[in-house]
Structures are given as C-alpha cells and as structure tokens.
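Chains here go by letter, A, B, C, D, E, F, G, H, I and J, matching the order in which they are written, and residues are numbered from 1 within each.
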Amino acid sequence: MSIPEITQKLLAAKKDKGLSFTDLEKILGRDEVWIAAVIYRQASASEEEAKQLVEALGLDESDVEELTEYPVKGLGPIVPTDPLIYRFYEIMQVYGMPMKAVIHEKFGDGIMSAIDFTLDIEKEEDPKGDRVKVIMSGKFLPYKKW
Amino acid sequence: MSIPEITQKLLAAKKDKGLSFTDLEKILGRDEVWIAAVIYRQASASEEEAKQLVEALGLDESDVEELTEYPVKGLGPIVPTDPLIYRFYEIMQVYGMPMKAVIHEKFGDGIMSAIDFTLDIEKEEDPKGDRVKVIMSGKFLPYKKW
Amino acid sequence: MSIPEITQKLLAAKKDKGLSFTDLEKILGRDEVWIAAVIYRQASASEEEAKQLVEALGLDESDVEELTEYPVKGLGPIVPTDPLIYRFYEIMQVYGMPMKAVIHEKFGDGIMSAIDFTLDIEKEEDPKGDRVKVIMSGKFLPYKKW
Amino acid sequence: MSIPEITQKLLAAKKDKGLSFTDLEKILGRDEVWIAAVIYRQASASEEEAKQLVEALGLDESDVEELTEYPVKGLGPIVPTDPLIYRFYEIMQVYGMPMKAVIHEKFGDGIMSAIDFTLDIEKEEDPKGDRVKVIMSGKFLPYKKW
Amino acid sequence: MSIPEITQKLLAAKKDKGLSFTDLEKILGRDEVWIAAVIYRQASASEEEAKQLVEALGLDESDVEELTEYPVKGLGPIVPTDPLIYRFYEIMQVYGMPMKAVIHEKFGDGIMSAIDFTLDIEKEEDPKGDRVKVIMSGKFLPYKKW
Amino acid sequence: MSIPEITQKLLAAKKDKGLSFTDLEKILGRDEVWIAAVIYRQASASEEEAKQLVEALGLDESDVEELTEYPVKGLGPIVPTDPLIYRFYEIMQVYGMPMKAVIHEKFGDGIMSAIDFTLDIEKEEDPKGDRVKVIMSGKFLPYKKW
Amino acid sequence: MSIPEITQKLLAAKKDKGLSFTDLEKILGRDEVWIAAVIYRQASASEEEAKQLVEALGLDESDVEELTEYPVKGLGPIVPTDPLIYRFYEIMQVYGMPMKAVIHEKFGDGIMSAIDFTLDIEKEEDPKGDRVKVIMSGKFLPYKKW
Amino acid sequence: MSIPEITQKLLAAKKDKGLSFTDLEKILGRDEVWIAAVIYRQASASEEEAKQLVEALGLDESDVEELTEYPVKGLGPIVPTDPLIYRFYEIMQVYGMPMKAVIHEKFGDGIMSAIDFTLDIEKEEDPKGDRVKVIMSGKFLPYKKW
Amino acid sequence: MSIPEITQKLLAAKKDKGLSFTDLEKILGRDEVWIAAVIYRQASASEEEAKQLVEALGLDESDVEELTEYPVKGLGPIVPTDPLIYRFYEIMQVYGMPMKAVIHEKFGDGIMSAIDFTLDIEKEEDPKGDRVKVIMSGKFLPYKKW
Amino acid sequence: MSIPEITQKLLAAKKDKGLSFTDLEKILGRDEVWIAAVIYRQASASEEEAKQLVEALGLDESDVEELTEYPVKGLGPIVPTDPLIYRFYEIMQVYGMPMKAVIHEKFGDGIMSAIDFTLDIEKEEDPKGDRVKVIMSGKFLPYKKW
C-alpha cells in the first residue's frame, strides 16, 4: 500500500498546523471520517470543499484540483496486515453471516449500501477502558426484480 | 462456505416456530446479532444460554452441548462474493485508512478490539428509503510497550 | 463451483417439460434472466412467484420454500475458467477503467447499482453472425457526503 | 494499478481543453467508451484516429505513435477494489451462470465475443434517480467442432 | 480437479472395448482431441454424435443426454501441477509475449479465437526421439472499433 | 509485467528500421518467434546471433552481451489479463486434460518438452476470416523409471 | 518487502556506533525486541523515547518525528520466504489448533491479545546447541456477550 | 480446515471422561500442548505413549496405531480466520523482522528450529486481567557453509 | 491434499506385511522412491511391475490396472504446510537462483529434466546426527533454437 | 523478482574477470553453490570470506560489509515461472509425498534440515546427453517431544 503524495502533503500540513480531524470537522462542516477519506483519496470533494480544506491547511490552491477528482478507491492489500484495519476484516469474517441473517430478516433481500452511506467514530469514555464506537448508516437497497 | 448442520437445524426450527431474531432477543435477553452468531457457530453460549435457545426453538437438549463449544471462527472465503457481506469488505478497503487515522488521533496507537466488542443492527425508517444502522463498540486496546 | 441440488432439479424438470427460459418469462411475467437467477439461487422469489415457477415446471409445492430464501450469492471461482463467463471478467478488466471514466463524467462520483439493477439478453440477428446483446440498467448511486 | 503516463497526459489535456468524452465522440466519430479505451491504452487507434485525438486535445504529433501500438490489455488487480468497477465483477459472480444458461439456450454452445464487441453507456433520466444503461453487443461465436 | 462421473464411465468403457481415441476418430468422423474434450465434458456433442459415441463404447442411450449439455468448462487448478499440462502453461508464460508480438504484426490488433478453433495432435517419428506436434488453428478476430 | 529496457530499445529500433519479424527471420536464418523470444528476453542468443540481430537493427555492439545472457524466464502475471495471451491459458484450462489423454495414449507416460521445442506461427488465408495457425513441436520425454 | 528508509538509516547508525539491541535496551530502559520493532516501524515511540533512541544512535533530532507516528503494520509477504520468519508461520500452522484447544480450556472462549502483549527473546546456553527462547505474554481477552 | 475423525473421537472421549489437557499431562508425563498436538494429528506418539493416551481416554487399542503414524502437518488455511490463531499470524507479520534482527544479533545467521522445539502455555494470573504466556524454545541452527 | 484410496490400501497392506520401502526395492528391482511414487499415484507402473507390487503386498490382481494408469500428478497445496515437504520448497526459494546460475554456467541455457530424472534417498550415519542425502540426477535439456 | 544491486555488480565483475563459479570455488575453498548463494544474497559470508571474494573479483573493500549481513532470504515468486527453477518446484509437488514416506521410514518423524545443509551440483557426462546431478545433504532433525 503506497500512500499518495497528495495525502502525505496534506497530512504533513495538518500536523504542522496542529489541526486534528475534529478541528477540520468544525471548520468544514463535514464529518471527520469523510474528511480523512478525502485526504486519503478515497472520496472526492467539491471544488468549494477542496478549497476550504486546502486553505485550512495553509496550502495554496494548486492542490484543489486533485482533491476534486474521482479516485480509484480501495487501498489494498487483499487481507490487511495492519492490526487496526484487520479487525474490520475479522468482523466481516466472523459476523458477516450473522449480520446477513439479521439484515435480511429485518429488510428482506437486498444490501446495506456502502455508497449512500455514512460512518462516524466516537470515543466512549469507560472506566474499564475507553471504547471505540463506529456507527455505520447505509441505505437499504432491496433487490429489484424484473 | 458450508453452513454447519447444527446451524441449518436451528434455522429450520426457527422458521417452523415463526420466530424472528428479535423474538429470540426478547426471550434470551441477549442481542439478536449475538444470537445469530451463536447459531452460525461464530460465538459460544453458556450451557444455560444454549438450553434457553434450544428450548425456544422447540428442539431437545442433545443440541445444547455443541452450542457451548468454542468454534473455529471465520466463514470464508477470503474476499466474500455475497453482495451484502462484500459491502463490509468494501468499507474496510475504502475507509480502512481513514478510520485508522481518526482512531489513532482520538486514542493513540492501538486498535479497536473485535473481542471485547458488541455489534447492533437497527432499522432506521426514512421516507427516502429505510436505512441499516450498524453500531459497533469495541474496547480500545493501546499498544503495550515493554 | 457446485450447482445446488434444487437448481439441478429445476433444470431437469424444465428440460422434461420442454420449456425455454423465454417460455417461463411469458408464464411468470418476469424476465428470463431473473428467472434463471432464481433457479441458480442467485435471487429470491416471493412465495407467489415461487409457486408459479414450481407449478410451471410440474413440481410439487415442497420446493417453494427454498426458492424464497435469501441465498448466499456469487458462484465462484475468483477468476472464472468457463469461456462464456470469463468474457464478462475480461470486459471488466479491459473496459473497467474506461467505463469508470465515462460514468463519472456523465454522473459524478458514485456507482451503477448492481442491486437496483436489471439485465436483459437479446438475440440480434445479423447476416455476418448473430450477436448477443446484453442490456444492463442500474440506478446511479452518488456517493453521499456526510 | 498504475495509470500509464500517456493516459495521464491525455486526461490532463482533455481537462484543460474542457472537453468531455461526448465531445470527443462528436469530433472523432467514434464512441466515447472506445475513445476512453484508447486513452487508457486498452485499445489501439489507427494513425488517422490517433492524429485526430491528439489534435483535438491540443497535443503535438509525437504522441500519435504510442496510441497506435497494440497494448498489453487488462488493468488489474484480480478482484477490483474500486466500488464502481467491482460492481461489474459482482454482476459476473452473481449473474454469470444465469447469463450462461440463457445465452446457451438462445444460441447453443459458444460465447459472446469480447473482441467483435461494442459497449455503450447511456444516461437514463428517471425521477426516482437516474440510471446507468450499459449496452454490450458481442458477436456470438459458436464452438467449432472438428 | 475432480473428474466427472460420466467421464470415468466413458473412459472405463473405452478401456474395456480396447478402443483408442484414434479408433473413435475413425468411427465418429471427428478429431480425437475433440472427442476427448466431449468425454472430459469440455465440449458438447449433438444428439447424433453423442449416440454414436455411446454406441461405440457399448453403453446404453441414457448417457446421451448428458453429453449434449453445455458444460461449465475449465478443469482447474489455476496453475496446473501435472507436468504434461504445466508445460502448456509454461509455453504461455515464456512465449506469450513473443507470440503476441508476432501475431499482432501479421494480423493487427485482435486475438486468435479459442472458440472457432481446432487442435490436432500428431506423432512425429524421429530417430532422436519422437516428437509431439500440436497444431492449433484459430480464427483471427480483429478488435472491433465502434 | 514490466518490459525490460533492452526489449524496448530493440523494438523501437525495429520500428525505426521498418523491419518485421519476418524480415528478421530472413536476415538471421532463425524463426521469427524465436527471434521475438530473444528480444523479449525469454531466450538467449549466441554471440554471433546477437551480433547479427543488433546489426540488423542498426544498434551498436554494446547490446550484444545482454542478449547472450540466460534470462529469468516467464513474464507473469499468474493468470494473464491480456486477451490474446489469455486465450492460450484458456486452451490449457479447457483442452489440458483431453490433450493429456490423447498424448498419453499415443506416447505413454511422459510429457511434451517445452525446451526441446519449436513454435511457429502462420497466417492461413480464409475467405471466412483469416486464421492463426500455431504449430508446436516438442520432443516427447518418457518418464524414466529407476 | 521493502525496508523503510528510516529503518535503513537507523540500522546503519547502530552498526557504525557498534551498538547491539541489548545495548539499546540498557540505554532506553525498554526491551530490545520492542526497540527493534520501533526501528522497523512496527511500533511507535513517544517523543521522549524517540529522542533517546536517535541520540543514542548519534543522529540528529529531525528523525524523531517519524518514529512517533503510528505505522501501517505488517511486513508481508503473505507466506514469508525467509527461513527464520517462516518457522513462526510454521508454528502457527502446526501448533495453531493445539494452542487454541489448550488456551480455550484454560481460559474459556477468547484470545491472547497481540496488542496488550510483550515478546522477549533469550539465549539459552546448551551444550547440545544453544536455544532460542521466545516468551510471549498477552492479556487474555474473553469474548464479550451482548 | 476439516478436523480428522480420530481427533473428533479423542476429543469426545476426553470430554466424556471430564479430563483436561492438564490432567492428561499428569497421566502421560508429557506436556499438554504436545498431547493436544498428538490429538490434532500434528505430532506422532510412540506406541507406548499412544496406548497410555487411548487408555486414559477409555478407548480401545484399535486407535493406537493411527496415533503413531507420521502425519501430514499444517492445518490451513493460508491466512487463518480464527481470531485466536490469527493473532499468532499477526505476531509473525508485525514482529517477524524485529525478531529476525534480534535473533541474528544474538546468534548469527541461522534460525530457531521448529522441530527441536517445545512450546508451553501458562496462565499468568493478573488483577488487570489474566495473561496467556507462551514459551517457545527452539534449538538455534546456524547456517552451514560448505 | 487427499490421499487416493488405492494409496491407503497399498500402505495398509505394506504395514500389515511388515515390509519397508527398501524391502520392496529388493523385491521389485526398482528404487524405493520410485516405488513410493507409484504407490502415491505419482508414477505409473508397467503391468508386470504392478503385478509384482500387488503380489508382494498380498493383494489380489484387481488393483493392478489402476497402478498402470497415467496419473494426474502433483499433490498440492501450492505452498506445502508439512514441514518435511516445505523444506524442499524452501530450498527452491533460497537456492533456486544460485542453482540456476551454476547450472547455466556448467551447461549453457536449458534445464535439468524432472522427467528423465531419478531421485535417491540415503541415510548418512554421522556422530553429530545422521544426515538425509538426496541425490537427483536429471538429463540436461538445452534450449532448442529454431 | 528483482536482483539486488550488489548481486548485479558482483556478477558483472565475475564476467569481466572471466571467472567461473568453479574458479571461485578453488580460490575461496568453498563450494560454488554456496558462493553463488552469497552473491545472490541468500547466504552471509564471514568478513574474511567476503574479503576474499571481493578481492578475487577485483572490487574494492567497500562491498565487503554488505556480504556479511544476514539477508532476508527467498527470491519469490510463490510459484516460479522460470523453467529451470520450476522443475525443482515440480519435484517437490510430484515427489514430495513419496520422499516424505521414505524419509520417515528410514529416520522416523522429523525433517531434513535446510539449514544444516549442503547442496552440490555436478555434471555427469553421458553419451545420451549429459546429466545434472544435484546432491543435497541435510541433517535429520527428529521431532522433539516434550
């Protein structure tokens, strides 16, 4: 997995400015995960959003254009080796079929969209150890019959 | 992916009884996704939980034991072909790095546990089309230094 | 790739009855490709549709239930070896990026749904050799920003 | 997947010129998908076609030659991670066998050619959400017996 | 790789009858490689051809039908381990690009069809050791532009 | 698959000189496929052959040495995506077992050598479309018993 | 597997200084394996730890920052070819199930954490040949039920 | 991964007898992990050891022979999906290179044997959560020069 | 890897008879490795050799025929997990290129045949630990030029 | 597979000096295969050995250090495409199980070490064609029980 140059540049600027993703969320009015996805070139920004982001990071406008392009998505590898990312692969392996069963029962045949989709990450403080809360919300798409 | 015999037997009994996972959630006092995970042999029940489940499904006690065993988890294949399950793989591919960046920023170096972990599925009614809400909550485990 | 037993049974009955997929299309009022998808357990029928299909094939009602279940989809293998199916893999390999470029230009960032989706196959008579026409129509799903 | 330099150059020129693939279709008298395939080096142009394209994009003739070469086709990876391209992989996985069954029934043993083949993409306006229409037309090639 | 039952039955009958593929070629008026492909369920016979084959092997007519079906082709695995079959994989690996270069130069952009295709195997006697001669003849299919 | 620099240099020189592989065959007295294999660094030339080739292409002698080295052969990837090369993979997948059966019957247990091996490509003119003829001739190597 | 530049720089400095990992363990007050993990960018140091390390190796402070970043972990490839590393893969293949059985019996359903985890390597002198002792200690994480 | 029949039989008998691996360790005078490895057919017992084990489990002598055979080892799959076993894969991915560096520094070029090897599992009680301690001891094998 | 039934039958008979591979070598006048290869269906025997083998093992003649057939060779999996077999894979990985360099230097461009090939295994007694000696002898096959 | 720069430099110097591996064997008093392994960075030399090698090749001492480092071994790819190297993969696939059976019978449960291991290559002159003789000698390592 090679990190695109633009991503490295934006992350370095973000670090220099001492801005967190949460700060960017406040400045741009967009969720921090989505902003991170734009930075990692997994989502495309409008020209206005790109300008805001570039400005917030103190970079000049020449980087705007690249952030508005529609990226080739997916960062590989097939099975991730990074432990944090792997856990999401493991959740899919272990809970994939149970989730399929419950979603079908609640909604019928179809899927949860990963396009008409939002993903939030929250920190749940807990005396036994803080918890990572990941909230996904995807439109249910029923299989069309024809 | 071959579905274990016990799973097929339990699902058939559940269908005959006309019970939904939500019904089982009420009867057992455990979340429906966890119950589905037990049925698909991705989680192990205590003897008492297994008895309750078997009884609710109208099966006899001989199936209790198998549900208390510690299963070899993960249902394969490496990249799932089922569209519903694949979307979770896609979320990991597309949002894996952005999630990693945000989680590290909020918590430091470490991971979200997939073991000290809960997963809920809710139906969000929406006039533009109902939405599937998936809420994951995993304990943050900081990397130990030694 | 193992063909499910129910599929083999339905195909054998279809052959005995001398019915084509086009005949089934007329009887059921559903497209022949969708009916073939039900038979191969890649799509789920309503109880009424399943009854009509089973009846048309001269089978008894005990097979109805299985056809209404939500199948684990995707027939494997990862790269198909069957020449007819492989050509669709090749089209994805060769024209995937050009299609991505054209679709993004016409619609913006997003995808063609493979769920809110129809697929027709027509025979185009041609003196230089008949042609297979495959018409796919999938709802465009724009990436949600959040 | 690395995008060839010539592709990047042509796409940048196309952007500078503010030309869409549809504009190029009108200028060259060739379908926009085929033109995109030439740009992504998945198809080879005649010298005349290459000249027209290069001229339309305001580049000089030194790029003509490369566009007339016969490229090594297929953009990898084995299973695409980009969601837009993956949906075509999914269609092959889910509808591959049903398509095989219907095509064989209509045409006998053989395949749809991916060489004597055209692919059009149209936008179907729809109040419930516009649709992507993909029309493939490939010559049916019956298996030769010998 | 599992050999289909029908293949095993036909090969056993062929052995009992003491018939070689060359004998079958004479009886059926079809090339022995094609006949072997029918037996291994990689090619489909007409009803008449299937009857001739089954009769020649002394089997009864109940096996005719299966031989007329359109098989899912390709025997796997991805990289063959059998030394005889591997050598053809090696030829593709080592001489694939040189063949591509020579074929393109002689014919332009396109492919050799593997469908409108014949394959003969001959024994060339040679005092230094007999040689296997494999003659492939496939229609050249030029890439269509559209 | 990355094409070696020496290959690119030789192909460019060949193009500049306007020489076909057939022309090189006449000049060098070696088959054009073998010459293409030398150029793609899949075969090694003698010093004399390398000199002739380099001279014919108008290059200076400094390139001779590299062409006499024993290359690491095989151009990858595991399953080729280029349609022309894939067809040879498909022939191996579809006709591998039938060829094995026929060759064993004609020769006994052993293989066709891919080393003591020649490969010719001819153009068969045909009013229904020209055909690519590929003639392979490999020494039969019987399995040694010991 | 490509070794990051920072790793190469640190290892070269360590060699120049004639420092062993054990020396670094003494200087930093952290285990040598953990320090090696920081150097190979598989673990992240605090700013203070990074400064100590960089200073010990005689490098200037500009390298501190990179060592405090949260790396993408896992060095690939999927199955390691290096014999020393492969043996740990082999231990997982051969003793994975027996370890699973014993750990479950001692602790119940759950896992040994690889995050709240330490790993020590000791040299056991032995007249029949010294032995490598690897001591892993990971917190047992019981599966949460919900 | 399919569990051998003999393993299932032995585990069922062990359960019926209410014996833990630790009990078996006491009875046989062999480590519990090694005994588990024999039961999972990853290690071979002497006839005497097999008799003791079979007797302890209340089975008759007909099972002795199979336990003395030299098994084909390794339980697959290539990347384990079971979370407990995966963590050992992850340790190899994350700490493989650091371990390699430290072992080479302490011992020179060579490996830790996985054959002249022992593996113990201990439970470390800890108020913050019990810990799994895994102690591996393998003979260091220096690379022979010749 | 599934062991063929005939192999299991022959190995069981060999065990019952108390015959070693070396005993069979003496009885049949063929090397024990080759005999083991026949038993594992990796080599084919003549009818006479098969009879001798079957007789030596006390089985009746009905098993002769299967041993004379030309097997599909190669026992899989792609990377062996069994430690004994893996070491030969490792030798290929580690010493493959050095062997290639030395063999080419001694013989020119070509290969060592694995068909016109013998393989012997000897026990070298050694006070520091006995050694396994594997002697391979394969005909050098020079690359034919054409 | 990319050849390390140091390897290319050493091989070029060896060629310039006109030295064969056999010559180096005489100069260094080490086997030519081991020397080739050092050159391909699959084995590590002592400082003295590295000096001798570098001197013999007429290079200066700056290259000594790299040759004494402990390399990451294994040259990939998973299944080699080079015909000479592939044959060793094929031998493992075809004769792996027979070798396992014979070695276990002669030595008991254990493996042939690939570390305490030597490998010689000899040319056997033979009127029917010279033969490559490969002699491997590895210490037998019996499985330790504990």
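Throughout what follows, contacts are C-beta pairs under 8 Å (C-beta built on N, C-alpha and C of every residue); 3 or more make two chains touch, one makes a residue touch a chain.
Keep in mind that this is a model prediction, so the values were computed, not measured.
Chemist: Copies chain F and chain I touch; is their interface built from the same residue numbers (over half shared) or different ones?
Modeler: At the contact between chain F and chain I, which are copies of one sequence, the residues are largely the same (over half shared).
Chemist: Check A-H, D-E or B-D against B-G and flag the pair whose interface repeats it, over half of the contact pairs matching by residue number.
Modeler: Over half of the B-G contact pairs recur in D-E.
Chemist: Please name the chain that ends up farthest from chain A once chain centres are defined by their CA atoms averaged.
Modeler: I
Chemist: Taking each chain's centre as its mean C-alpha position, how far apart are chain E and chain H in Å?
Modeler: 48
Chemist: If you average the CA atoms of chain E and of chain I, how many Å lie between those two points?
Modeler: Chain E and chain I have C-alpha centres separated by 30 Å.
Chemist: Where the CA atoms of chain E average out and where those of chain J average out, how many Å apart are those spots?
Modeler: Spacing between the chain centres: roughly 41 Å.
Chemist: For chain J, jot down the residues that touch at least 2 other chains.
Modeler: As it turns out, chain J has residues touching two or more other chains at 1, 33, 72-76, 78-83, 90, 93-94, 97, 100, 104, 110-111, 113-117, 119, 141.
Chemist: If two chains touch, include that pair; go through all of them.
Modeler: Result for touching pairs of chains: A-B, A-C, A-D, A-G, A-H, B-C, B-D, B-G, B-H, C-D, C-E, C-F, D-E, D-F, E-F, E-I, E-J, F-I, F-J, G-H, G-I, G-J, H-I, H-J, I-J.
Chemist: Within their complex, state which residues of chain A touch chain D.
Modeler: By the definition above, chain A touches chain D via 72-76, 78, 114-115.
Chemist: Over in the complex, which chain A residues touch chain H? Could you list them?
Modeler: The touching residues are 79, 81, 83, 86, 90, 93-94.
Chemist: For the complex, which residues does chain E have touching chain I?
Modeler: Against chain I, the touching part of chain E is residues 1, 77, 79-83.
Chemist: Considering the complex alone, what residue numbers of chain A touch chain C?
Modeler: 30-31, 33-34, 43-44, 49, 70, 72, 97, 100, 104, 108-111, 113, 115-120, 141-146
Chemist: Using the touch rule from the top, collect the residues of chain A that touch chain B in their complex.
Modeler: 1, 3, 11, 20-22, 32-33, 36-37, 39-40, 42, 73-76, 78-80, 82-85, 87-107, 110-114, 116-117, 119, 121, 123-124, 126, 128-141
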